[in-house]
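Got a structure for you, questions after.
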Amino acid sequence: MGGQENGHVKDGILERLAKGPVIGDGSMCMTLEKRGYCRAGPWTPEAVLMYPDAVRQLLREYLRAGSDVLQTPCFYSSDGLLESRFKGKKTQFTSYDLNQAACKMAREVADEGDAIVCGSLSPVLSYFKNKDMEGARKEFENQLQPFIDNNVDFVLAEFFAHVEEIELCVEVIKRANKPIAATMRIGPMGDSNGVSVEECAVRMARTGAEIIGINCLYDIHTQLKVIKRMKAALDKEGLKPYLMIQALGWLCPEVENNLTGYLALPEAPLDLDSRCLTRTEVHKFARDAWEAGVHYIGGCCGIEPHAIRAMSQELAEERGRSPPTEDMTPAFSKYLRESMISYNRFKADNKDHWFNLRPGTGRLKNPATSDVYEDCSFDMSEDL
Amino acid sequence: MGGQENGHVKDGILERLAKGPVIGDGSMCMTLEKRGYCRAGPWTPEAVLMYPDAVRQLLREYLRAGSDVLQTPCFYSSDGLLESRFKGKKTQFTSYDLNQAACKMAREVADEGDAIVCGSLSPVLSYFKNKDMEGARKEFENQLQPFIDNNVDFVLAEFFAHVEEIELCVEVIKRANKPIAATMRIGPMGDSNGVSVEECAVRMARTGAEIIGINCLYDIHTQLKVIKRMKAALDKEGLKPYLMIQALGWLCPEVENNLTGYLALPEAPLDLDSRCLTRTEVHKFARDAWEAGVHYIGGCCGIEPHAIRAMSQELAEERGRSPPTEDMTPAFSKYLRESMISYNRFKADNKDHWFNLRPGTGRLKNPATSDVYEDCSFDMSEDL
Amino acid sequence: MGGQENGHVKDGILERLAKGPVIGDGSMCMTLEKRGYCRAGPWTPEAVLMYPDAVRQLLREYLRAGSDVLQTPCFYSSDGLLESRFKGKKTQFTSYDLNQAACKMAREVADEGDAIVCGSLSPVLSYFKNKDMEGARKEFENQLQPFIDNNVDFVLAEFFAHVEEIELCVEVIKRANKPIAATMRIGPMGDSNGVSVEECAVRMARTGAEIIGINCLYDIHTQLKVIKRMKAALDKEGLKPYLMIQALGWLCPEVENNLTGYLALPEAPLDLDSRCLTRTEVHKFARDAWEAGVHYIGGCCGIEPHAIRAMSQELAEERGRSPPTEDMTPAFSKYLRESMISYNRFKADNKDHWFNLRPGTGRLKNPATSDVYEDCSFDMSEDL
Amino acid sequence: MGGQENGHVKDGILERLAKGPVIGDGSMCMTLEKRGYCRAGPWTPEAVLMYPDAVRQLLREYLRAGSDVLQTPCFYSSDGLLESRFKGKKTQFTSYDLNQAACKMAREVADEGDAIVCGSLSPVLSYFKNKDMEGARKEFENQLQPFIDNNVDFVLAEFFAHVEEIELCVEVIKRANKPIAATMRIGPMGDSNGVSVEECAVRMARTGAEIIGINCLYDIHTQLKVIKRMKAALDKEGLKPYLMIQALGWLCPEVENNLTGYLALPEAPLDLDSRCLTRTEVHKFARDAWEAGVHYIGGCCGIEPHAIRAMSQELAEERGRSPPTEDMTPAFSKYLRESMISYNRFKADNKDHWFNLRPGTGRLKNPATSDVYEDCSFDMSEDL
């Protein structure tokens, strides 16, 4: 089922999930923006064509950090959104070209190691603007076709705000005859139509997707609360899909009960650095997620390579392997023993030191939380 | 004097400084470690040979962020330190090979744009262990030779803790007949022999270095205090070198009066993410530094490409140019106007919004400052 | 209906509420403990007999701060609790003696000004231990009798955790033929039997109590959320009791969803000082509460005289009067104009300065929130 | 030498200091302001005549909290300041009347227990405005006379900003033939004329004052740093006066290097509550001060009775006695064992729990430090 490397057939996603923790990849748009290759806000996937070396490099860093899966870097690459983005400009990029390039690039890097490729679909404008189910179906089909043509290893529907849209999306995906994952970007308040966390979980599982869960918008502490509620609801119905979290890379407790999550912060999207998870905080999250029954643990916005590495290192024993860069970057670096700083030598490979630390913020005049923008919502201004 | 690009002779460092703000590059070791290509703590420059694509990519990101200068990525690449690092192992890397590769790579990327190349020397073990001035001179000469052979555009002595060592280093560098920059990694307490900030400044200027200043170890607020004291002392003596700061990327007010700066933090070097400067904080720093009379503004540990970009964007008017990625990543992104999030549209290109923000830390249970390790010092354990 | 002062008949509680904001009094047990006259934790009302001067002084401070109402200082002075407290000791204090003394003292101080006296009943052990409704009725009757004998101006049932217990209590109180107030110490999760905030509000109003609301356990921000939910539920049912909040004096957002409120904090009850409301924070609360439709605004644990004064000063215009100490202590002191400190003169009577301030905590190494004790509950150990 | 109680001659201040830690009393003006009896900012001592019961009550609380010493409550009761305060009004209060009343009241309350009385002198306007030494001498003599007439047990010169003024003051005090204490309100920057901490200490000791030290303006952590520097300087000169700290009740690290200390905070003087020391923080301070060699430990602005009690409880063993209210309010209350809250029972008399706690601030949106007012200074506007 999985990809091939040197004639060896790799395990597919379901085989991997059956064996233990699977580590996903991390942030693409937000990280490429910091590196200078992507626009902030109206994220578009054109970097895959414009700056392939930079995108390939980032994918490679995730591979080296221990990712089992590389997603095709084509978020929001759907007809409606691309059209809207390039309205009034000489459109340069089609969904088909972008997704083709994304598939080839993901496969190329995945085959430098043991990773497999996941084709990723995201919400579409037809549903968002008009709840037009037929238009949405068509957009999903167009997103999906390159994944079929390029024989990705499985398909993911991600970042959905409405359970009825993801139900439709999964229905379309079935045509590919691949394992299916489905994640919503919801918090404790449930979906944007008011469907509860519990009902979202049950309905996602009932689509037949083998893997369900959440991604983005809420911080890891909130995400853990939500996934536990999902699990309890699934258990009650006797449903047993694999659970998945794509973690957000920033702490933002104040938006837990806001429908747009971290996007309601004044710092988003350009000034979130002070909220970045440390890698030890990621270690703890990976452990907590695994203990909560989550088998697929990866990253979303803000999770950079060292954070993915922290996940794969924390669960190295359960996975039976460490990330390929272990010789350069072991967890809680044993190489600190060779430091000229006495205190560094004390910290070397000293998990207790790192786990007992509550990292300072360095900011004497800054608050723990910001004033959240109450009216923040996903919408479309007249002229978009 | 400067490098060449397409037959066009670039301005040298002194010409650039005379015209306005010069933007340096940013963090190498710490950033490459996060990306998986470098060891934490006993930083060594072998990535330049082992993972040239990854190093080249990072240099390129700085170029695109607006750096005028790319430093040769060969920090701590001196005979004594390399020997110490690889003691008991089959030594794989010589100082000469590393510096050669570093020079070629820096030039290659610099010539993709308008940047020039700076050869960088760092403190040596001969001085550190035994205050052996003759051994130190020899080590500096060996570091310098590849810079002469490769015709770098100017030479920098950086990260010095003792003014007498940097005096010796500059004396050696003069042999290259290039402009000279010299920076110490000192805070308000002065150098590690107890020489005051003021005396360090005056003595550095009297070596004949055209550019002097500070780098690393202390946060931007402390660095600004120190450079102002330096300027006052230089003014008093009628000395007029260009001033230079390579900023630290993390906030750490609690180590201001500690000789090892941020290295005395429990979070160093693996868990500093919560202290990262936001790009708006960097904007303010760049403005403050320029107004304090600093002409060379760059980054040291923790300053990543988006921070360098913030510096060059803040001073774009004074520099008469914006970074080459301006079409993708303008300051305070105008592209947020195209966002589907109403709040993002409000923030687009809205400098007031960003400058008035005191970013939250997202950490309800974490303090502003950590317990500093009082006995932290640069030393060598017996077996290093 | 109200008390008498110099032959002048004072307005009763309902007349006052009809005219505008009524200001209650503040913390007794917690404040007397800080002053040295009361035990921490198992609060008992014996100070009224043991240290009458100290109790009278505190009541007088509330009167001077602008309180319309002085409650009889006899919290938890019920048969069961007193018996339990003094078990194994030669019992020194009976409920009857304590309540008699409390009534006389409250009247004595109230008559130094324009205040009226409120007899206060609290939950009883019969209900708490065994849900023994008949025993509870008897205990309430015994608490009530001295209030009838001393002709208090109205009666309050306060600090109830269970709506069924307060329903019984109000039923008993009716015998006194006085206006009735009823407050529960509940947060967003509702009562300790799982009855929602909304249902508690409606059931309290349906007892016939003219004034209903909440007191203690949750901070002012949480209290405002709860009272708004109560109001919405009452409005829906067409019920129009006066609303009442007795504010808590400490900030503690982390216990919002914990049934024991601030008692689940590690700092309770001895080390809460860092959480004290500033008087400006109290000004804002008083304004917000009044705007939310709350007519009876007072204090509970941690609200000291300067905070009560802030309430009466904030609403001075609506009340048509300022607290009697206005000549010594006007809001945002105009006397600062006479200070020898220039900055003080700037702050004098400068409401903008005070309202724009987010007071610092002065604690660099302390978090915003504590680890809440999850299993904290009101219970009785075997030997109590 | 000391006062008398029931025919028993009390120990004087020097006997007490020789035996072990002496506990002073706490805040008067700031606490009386909160209670409604004093004006904020231009503190004047008229409460002693206008509201004697309230002042007496506060003194009594300090006595019960374990104070060895009650100071005459007459801060700033000197001719020049009273005249300035009441300029243009029909002056109601003379220095002589106020100090007489203060002496009588302090003695009356002191004789309810084992405390002695300290006459307190403060800086005078003659020096402050014109450095008029002769005028200052006269003002000090007038302040002193009632202390002689009423036979106070010793005399304190406190809150001095200039060592030359306190030298003069001590010279005047000698006339009383009583033990002398002298404290300045200085921080690490030394006195307001630029005299260093070390020189201030040595010069105060050389006046012949048996007790010297600091009070007010800087928080306990800063105060401890300053007293240690004083001790080192005195040791170097072979001087051995008793050391004294009157602690400030608020945390304010940001003003350490500001000449007006906490008065430069935007929160001063009305909104400092969020900075209040908890009693456990006071326990630690008392222990640290004693271990640093400080024999006289008391309180200044913001230190209320429960904080003084914490000091005397922390040092109960060294003092051979506990405060008289120990049966009501033992340290870390053993009575919590009788609480209905399980968590309280765990905390009862559990010093480990309290000492390991870093109290939360409860403020998610507030910073650790405020913006300090840089130009803050003691001055006199034209019209004062």
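Chains here go by letter, A, B, C and D, matching the order in which they are written, and residues are numbered from 1 within each.
FYI, contacts are C-beta pairs under 8 Å (C-beta built on N, C-alpha and C of every residue); 3 or more make two chains touch, one makes a residue touch a chain.
Just so we're clear, the structure is a prediction, and the values are computed from it rather than from any experiment.
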Chain at maximum distance from chain D, centres defined as averaged CA atoms: A
Interface with more contacting C-beta pairs, comparing B-D to A-D: A-D
Euclidean distance of C-alpha centroids - chain A vs chain D, Å: 59
Chain C and chain D: spacing of chain centres that average the CA atoms, whole Å: 33
Cα-centroid distance, chain B relative to chain D, in whole angstrom: 49
Chain A residues counted as touching two or more neighbouring chains: 254, 358, 363-370
Chain C residues touching chain B - in the complex, by the definition given at the top: 254, 363-371
Chain B to chain A touching residues, read off their complex: 33-42, 53-54, 57, 61, 64-65, 85, 128, 219, 250-254, 260, 263-280, 304-306, 309, 323, 325, 328-329, 332-333, 335-345, 347-348, 353-354, 357-370, 373, 375-381, 384
Complex contacts: residues of chain D adjacent to chain B: 358, 364, 367-369
